[in-house]
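Heads up, the next two complexes both have chain A, just with different partners, chain B and then chain C.
== the complex of A and B ==
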């Protein structure tokens, strides 16, 4: 099976990722409200703790999947010539993949 | 008689849109806006976690007036998108479908997004 996130699968991905991100946003807002991080060391040590690393990875996984479903919907509606649409969809997919790698590298650098 | 001569009037600046249409279009526009701001967010995360200097650079950047204005816009987009999304989720469970309720929740979403943005503006200034 190809992983394409279309149809009913996309519907579920969009909703599940939305609910997860909503929870993460509440968690992050409360965390920053209760414990503001004013220095680099505080910020870094918070962001590199295992639980937060897992939460950030899960958040970006949800965000990038959510972006794929949403941007794909927009392109299917407006990018009419099939060639242009494929080009733009490919560009979006490549950018999302690139951002996923970027986030993993940011978090991996913290562990060293 | 098959061919109708009724005028087709699709000038979006002159159509008076129902409030739900604004919520819906807003959901899409804010989604694209948020998608565009994600790479910026990842870049700021990257810089802020790089070293002391990067953290100071990001803090300095976020203190600029123009950047604060951009942040308020992004907060508005997020608030509208989030509220409109919750409205969508509720309608998946058939909550709020009657027109009166749907119009009221659409007003709530449109004004709620602006209210959150004003709150953010006050908090940042």
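== the complex of A and C ==
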């Protein structure tokens, strides 16, 4: 089955991802405010705990999905020639996928 | 008053151009339409629509100093000079300030703009409670002047697919009417297509330029919430004091 974020599904994705990102940002700010981390090792220790890793992964998943829906909508409006549109959508999808891989690699490195 | 008005005659112009006019205001020139009507007496080739002169029919919608509005309720005293008048943006130009509104009314027609109720009619009339009637406030006042749709980027790029703010505020008016019995069909029609309703990106130009102070964007959000089976704000839609072009 092809995963399509259009219409109501895209609307849900944008709103749910926005709410999650907002919650994560508030959580992160409060965490930094209550427990300031002054060194790289303290940061690394915090960011490599399993719960935080899952939250960061979920945050970037929400961010990238949010970006995909938004950027795709912009391209559907402005890039009318089918070939150009496919090229740009492919570029955006490739870039977002690259960012997702990068995030996973960084988080995996923290575990070692 | 100095004016710069978009002119286009398809018989001998390749593209629209701005023509400058200068006219001495008289005491009766309260509104921009008064000035345009006197200008037309001097230059009878100048073409624009108008009818009621009261802000009710919506015929004289045009782009005034970069902002859509009705010439008949735009005060001359508040306008920056030269007043640049162009046809409604995004619509095909027929001549001067005349635009082709065929697509706009096709979209309006597509939302089934009338009550659908096959139940046998009551002896007198289909009654509504005051609360049911209140839900239509902020939507029924739309005069279909097209100021909103013509200022909506989502409508500019997809006039054939996206219903547009004017059509959607009318759709709200029927979806939330307690006497209508076609709610499911209306929601299926709008929600089953990625463009018809969901192309709205909440840019809010529609609410900004509505000469009646309506907020189509809120109607669109209410329809989306209804489709998503989420609670919808009770009562009518919010409105605001309309802002005129400056």
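In this section, the second predicted complex is superposed on the first by the 112 of 112 C-alpha atoms of A that agree within 3 Å, B and C clash if a C-alpha of one lies under 4 Å from a C-alpha of the other, contacts with A are read in each partner's own complex, and residues count from 1 in each chain.
We take it that a contact is a pair of C-beta atoms (placed from the backbone, for glycine too) under 8 Å apart; a residue touches a chain by one contact, two chains touch by 3 or more.
All of these numbers come straight from a predicted model, not from anything done at the bench.
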Query raised in the report: So, on chain A, is it clash or fit between chain B and chain C?
Result: clash
Requested in this report: Check whether A:71 is in contact with chain B, with chain C, with both or with neither, and answer first, second, both or neither.
Outcome: first
**Report entry** Residue contacts with chain A in the superposition, chain B compared against chain C
**Finding:** B
Report task. Using the superposition on chain A described above, determine whether A:87 touches chain B (first), chain C (second), both, or neither. Result -> neither
Query raised in the report: Which of the two partners, first being chain B and second being chain C, lies in contact with A:29: first, second, both, or neither?
Result: neither
Query raised in the report: Which holds for A:109: it touches chain B only (first), chain C only (second), both, or neither?
Result: first
Query raised in the report: Does the superposition put A:47 against chain B (first), chain C (second), both, or neither?
Result: first
Query - Touched partner set for A:19, first chain B, second chain C, both or neither - result: first
Query - Of the stretches 43-51, 61-69, 79-87 or 97-105 belonging to chain B, the one that collides with chain C - result: 97-105
Query raised in the report: In their complex, what parts of chain B are in touch with chain A?
Result: 28, 31-32, 35, 38-39, 42, 45-46, 48-52, 55-56, 82, 85-86, 89, 92
Requested in this report: Show which residues of chain A lie in contact with chain C when the two form their complex.
Outcome: 6-8, 10-12, 73, 77-78
Query raised in the report: What does chain A use to touch chain B in their complex?
Result: 15, 18-19, 22, 25, 39-40, 43-44, 47, 63, 67, 70-71, 74, 95, 99, 102-103, 106, 109-110
Report summary line: Listed in rising order, the residues of chain C that touch chain A in the complex are 153-154, 157-158, 191-194, 197-198, 201, 224, 227-228
